Amino acid sequence: MTDNQKNPAMTPPMGWNSWDCYGASVTEEIVRKNALYMAEHLKAFGWEYIVVDIQWSEPTAENHTYHNFAELEMDAYSRLQPAPNRFPSSAGGKGFGPLSAFVHDLGLKFGIHIMRGIPRQAVHRNTAILGSTVTARQIAAQHSVCPWNTDMYGVDPAREGAQAYYNSLFEQYAEWGVDFVKVDDIANHYPTAEIEQIEQAIRACGRPMVFSISPGPTPLQKAEHLKQHVNMWRITDDFWDHWEQLYDMFERAESWCIHACPGHFPDADMLPVGPILQDYGPDGWTGFTQDEQITMLTLWCMLRSPLMIGGELTGLDAFTRSLLTNPDILEILKHSHSAHPVYRRGEKGREEIVWMATHDTEGYYVALFNADLQEKEITVDIQQLSLPGEYTVTELWTGTDCPSGTRITAVVPAHGAKAYRLHRI
Amino acid sequence: MTDNQKNPAMTPPMGWNSWDCYGASVTEEIVRKNALYMAEHLKAFGWEYIVVDIQWSEPTAENHTYHNFAELEMDAYSRLQPAPNRFPSSAGGKGFGPLSAFVHDLGLKFGIHIMRGIPRQAVHRNTAILGSTVTARQIAAQHSVCPWNTDMYGVDPAREGAQAYYNSLFEQYAEWGVDFVKVDDIANHYPTAEIEQIEQAIRACGRPMVFSISPGPTPLQKAEHLKQHVNMWRITDDFWDHWEQLYDMFERAESWCIHACPGHFPDADMLPVGPILQDYGPDGWTGFTQDEQITMLTLWCMLRSPLMIGGELTGLDAFTRSLLTNPDILEILKHSHSAHPVYRRGEKGREEIVWMATHDTEGYYVALFNADLQEKEITVDIQQLSLPGEYTVTELWTGTDCPSGTRITAVVPAHGAKAYRLHRI
Amino acid sequence: MTDNQKNPAMTPPMGWNSWDCYGASVTEEIVRKNALYMAEHLKAFGWEYIVVDIQWSEPTAENHTYHNFAELEMDAYSRLQPAPNRFPSSAGGKGFGPLSAFVHDLGLKFGIHIMRGIPRQAVHRNTAILGSTVTARQIAAQHSVCPWNTDMYGVDPAREGAQAYYNSLFEQYAEWGVDFVKVDDIANHYPTAEIEQIEQAIRACGRPMVFSISPGPTPLQKAEHLKQHVNMWRITDDFWDHWEQLYDMFERAESWCIHACPGHFPDADMLPVGPILQDYGPDGWTGFTQDEQITMLTLWCMLRSPLMIGGELTGLDAFTRSLLTNPDILEILKHSHSAHPVYRRGEKGREEIVWMATHDTEGYYVALFNADLQEKEITVDIQQLSLPGEYTVTELWTGTDCPSGTRITAVVPAHGAKAYRLHRI
Amino acid sequence: MTDNQKNPAMTPPMGWNSWDCYGASVTEEIVRKNALYMAEHLKAFGWEYIVVDIQWSEPTAENHTYHNFAELEMDAYSRLQPAPNRFPSSAGGKGFGPLSAFVHDLGLKFGIHIMRGIPRQAVHRNTAILGSTVTARQIAAQHSVCPWNTDMYGVDPAREGAQAYYNSLFEQYAEWGVDFVKVDDIANHYPTAEIEQIEQAIRACGRPMVFSISPGPTPLQKAEHLKQHVNMWRITDDFWDHWEQLYDMFERAESWCIHACPGHFPDADMLPVGPILQDYGPDGWTGFTQDEQITMLTLWCMLRSPLMIGGELTGLDAFTRSLLTNPDILEILKHSHSAHPVYRRGEKGREEIVWMATHDTEGYYVALFNADLQEKEITVDIQQLSLPGEYTVTELWTGTDCPSGTRITAVVPAHGAKAYRLHRI
């Protein structure tokens, strides 16, 4: 990933992912519906990826709970295929090609989820590997199993045929027109050689693809390796709509902020906004308050985390749409650098937290967060940010121009945030 | 330390400290000689503090090795005083007042070292505490002893009289005209209440003083407390002229860089340059190569570490003087922010390392480091720094203008560094 | 196992196990040959168990290296069966019944090895469980896999059908006439509920069977549970013919000695004596010296470890036969208690080590061990064993009567041992 | 301590110690009173040591709380002396000679407590060391301080003069007629070289003295060193009259039981029975129930722990006297070996616990303990103790003959114990 001309993630990817609303059970119809919505309402703001999450090869998947040992759709070369009952256009061995073409025709990009490894059913049936004389049994890392899903065995990268297997996967994904791959069961335990083997397969397939790894927490000690081999990496386990998880993200963001750079971004996970958990019925709706959602978007943008919407797009309400389509906020994601916390002050769990970032051509961003359960007046002395002189100050969520000078003062709601653009006078 | 008007360390302090060249044995004559040199040759570049390091109350101190349990000069109130045989102007109870006045008359500032706690000899003699009815025995933390020096017992901050004791110390230091206090045996184990008690005594004494704590490593978890209560804190144990220690500082600097801010700076320790270890004879000279010294200064400035010269100033050679008086390099220290590593790449121990920082009004700094034993060509794609557009590029150690554009390329010597100023075209 | 009338291991079991000489590949013919040898030459000295070790259901097993994911012989109820090509008498669904009958007819007892859990192939084929409406998939602990063998998934003891599955196994073993079961992949990580479920199945099957668990080290903290639920438990990982492993056993024996009691014994693993590793050709022979073998037998007997011969019996030489048929030594195993080390003295790795035990009706045993590489004179003051008075002293390996009195003195060979019987005069 | 002829602790020492009832403040008058009582009432049962515990050189000591940095009575050679106001017979430099003679005249033995190290006041005054040209400052381990008492610095055993200092101490103790030394601040952190230096001083002084070390827990890994260099070592921190501490002792006793041998015993600490804490007034009385005290004595005797009475002897009531003078129980202490737990069974914290030991000429001891809060019937199958045949059974606390045979059955009170003597029929 050293040649930036081909790096498909020079800024943090933005898109939609099916997990938060459909678990393992999303269908082609739903994907198309969300793609259409994105093309119409969100694309203009930079949203572009449509990602089909886990177990698209499992015909009977119902929701976020897996069917252990379920039979998966697989080709003769040990490669999982979309289940045709869920993705009808894949019938006849066409895989995700037709769905991908549909997404591309909308001016969007298409992504899929895969599990590290080779299907256990391939191993127990001992099926073939394309481009190799070895069979599935011979490349399986026989004792390497995912702790939460029964689909795969790991692949032992030292075995003959291992690279051929991964190459055969990504060649097919390239044929399908895949632009983004979220590789799961790999980031937290970080099998370095297997990660490099997958990266190698991506490079070899001839089509640029974002290489995303999951689930976190990815070890901080791997930061330099990540910045050479991976586009985005999860910094937590699955993130859901609970304040404790959002609050906890501040500390993780502090640890990772210096490692965000073009092509390589720490990933704070999907945004559980709007209608989520739709696989359990229509009642799912994010548990976050509006202020918490503003806090989340502000922090994700300051950190330059990729943004992946978790809710069913067609059910977004006005607030959520406004949250996701504020161009001034999204500009932080695309045009800032050197973000870092300035301080966390006050009682543990109730702090005021201040971050700053630098705009890539002129001026600065400052974000104020209030972790307390009550609103709080927060004042920042701009000189304390090592910024001399006087500044104009605009609050970006509201578009309000604040008094110019050397201070920023605001009443920040409970669990809420303010985001400012500063220009030097 | 919330009122910046009074914060005496809005930028990282710069000065000279007696430890590296004289250990525990510096004398008034030496201090005066160094102050004169600084006033004449270094002051114009921002150097201003003259700091007398450990055991100035020990009449028989000879070098870096302590005389265990030596009798110390002490007043009736359990307060250590300069040993008059070493600091003649202190005779008659004048303490450091006359020496401090001498330093101030040169337009410089005066600093001293103290050990946390109360002299063991005060405790065993049970002497008085000024401004309190309790005696030395009653405030001593009887089992709290420094692991490397026998002078003191800790003070138990919960005891009546503890604050009075520290107040009595700093009242005297204020009378003497002290501008800087390096408090030792306190940063690594971080006794929070005792640190706050010392800070309180400094604030109460009526004279601004830089509050420096030692030795490191200070725990990273204390970063937020440090940014509220301490001006500078050591991030390592004693730093000497060995490449391994210098190389190791890159990792520590990475951990601490986001916490440097006006008034509060991580301290990478004294600069062991020029003639050091003079207490063992005239043969002491830094073991660092010139390139390693350039690496050190560049890293310290990018990190915004305080700079304290460790060598005997009157013996500086031309190279060392040039090292310490490059205004473009020292400007990084005073006019940058948001410094952080961009990447470390290559085999462990031989990496190329790139840092960037932002100038506080316009443009950027980029530093290239070569940890390898051989010179290495290093190329940085400026776009990878999240900086769009084209830039003029000047190397600051040599003053060379490099080709403008989107790349920086240099052959960096073994263990050496390059420092660049970038202006957007 | 509270009713001793039914406990089949009131003294430590003694027998032969196929692992050390044949790995996974032993055949019926070999088993019969060894049983015949035992009946003729060893039975009179207390040897009685013939144990078929791992993977008797794997048709293609060749040696100590497993064939990953090999097809196993299995019945319709997910139960592994002997591979008929290796155990011809099992053909037609007879299992180990005929072989067991052959062993019983010789006056011996028959044992088998099993892996904890349910065959992976049963799970992926989703076969039936006898006596239950659930299927293999439903009881598999889907992420619980053995780290060194691919045959099984663990069974989740909380699932409906789990007890039924284990019951169905042991009912079949009871029909076959099995007297001893070595359950593998269970002792070191100690899944308590699964262990109790297996014990329950043994009790329910109506036939007394020794319940042996493997591999070690079994956690010492489980000692009390072991003394209620298990007959013998491995205290190390696999033990082979290397002095380091034998030396290391002294420390393990010290930790476990107080927990040996009727029905429940710490297991120091098989005795790798005589011709071992026969699956790789006829050249395998124990690497232990004769003195080391004497040390091993002496320590195993003092500890009251079960004794399982690892070598091919028909190839035993005169020395090995004498080692295994010394009635005075074997009597320690059956008629002593309260064994413990008295001291280890000298440089680490070269100590003299002294153990004592009490005979169950009269007198004592004392063992001297020399861990040094050179012979050493060792003298024990009997009074130091808390034994007053004077004693007759007989060395048991040689049958030599030593001088009576209050001391034992011997020149003990390098890595060798002496074992004494003491009678009070 | 290899020559048993001179080992003064071939069986576990029994005596009285002043700590539990008087803390640091015992006086000569009290010591004499207790010695007289012991000679009259307890000596016949084996009790013989009278031990003066901590700070006998502190003139102002009042109770269990120390006066930090108090002036201590000391001779010109840095050696602490009895405070004459508390020990009048020591006046005129006679030390403990007269008191020791008084105790000896009663047919008893005399012991003292010392802290490891050299008085801090000697170090700060830099006083002389007898038999050496070095002074106190030179042998002090300047950073080695006790965490709970301010009297001493450790001695650095590598320094010249260190052995001379310890020799000078024990020469004086030998002159005084000391028979037992409890060395404090040494067992838990186990400074091996300093322990050996003290042992060497004891051996060199020409008088047998029991070498006892404190406080625990002594590290189990030091067992072999202890059995060569120390007579008794504490296995816990201070033991007081709380059930939790008594219950906890079962686990410690299990760990240490195999290491009790003539001359070397694990020490479960003083027996807090009868009137304790007399330095706070006459109301102190053990918080243990009578059954708990029976449990304690039984466990201590089975373990062969030294027995040191903690209560004021002259205030013992009839029960406590009976507890301490049961010859059948005390015989376990002197005539058993190979004690060990047989099992702990039942819910954690409420177990029934069974121990066995072997009499040194004939028969066995069995102890039943009930950790539960309710009485419980406990039955032991004697065969489970590896003891074949039938036995007569006598309960030792009550002297009751129980039914002969192969079982022991008793209703054991809450927190109580039964102790049995078995003879084979």
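Going in written order, the chains are labelled A, B, C and D, and every chain counts its residues from 1.
Operating definition for what follows: contacts are C-beta pairs under 8 Å (C-beta built on N, C-alpha and C of every residue); 3 or more make two chains touch, one makes a residue touch a chain.
Please read all numbers here as calculations on a predicted model, not as lab measurements.
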item: C-D compared against A-C, more contacting pairs; value: C-D
item: Centroid comparison with subunit B (C-alpha atoms), farthest chain; value: C
item: Whole-Å separation of chain centres (CA-atom averages), subunit C against subunit D; value: 43
item: Cα-centroid distance, subunit A relative to subunit C, in whole angstrom; value: 53
item: Subunit C, residues touching no fewer than two other chains; value: none
item: Pairwise touch network: line, ring, star, complete, or other; value: ring
item: Complete list of chain pairs which touch one another; value: A-B, A-C, B-D, C-D
item: Interfacial residue positions of subunit C with respect to subunit A in the complex; value: 68-69, 120-121, 123-124, 126, 137, 140, 142-143, 145-148, 150
item: Touch list for subunit A against partner subunit B, complex; value: 4, 10, 224, 227-228, 254, 257-258, 261-263, 336-338, 340-345, 356, 358, 360-361, 381, 383-389, 424
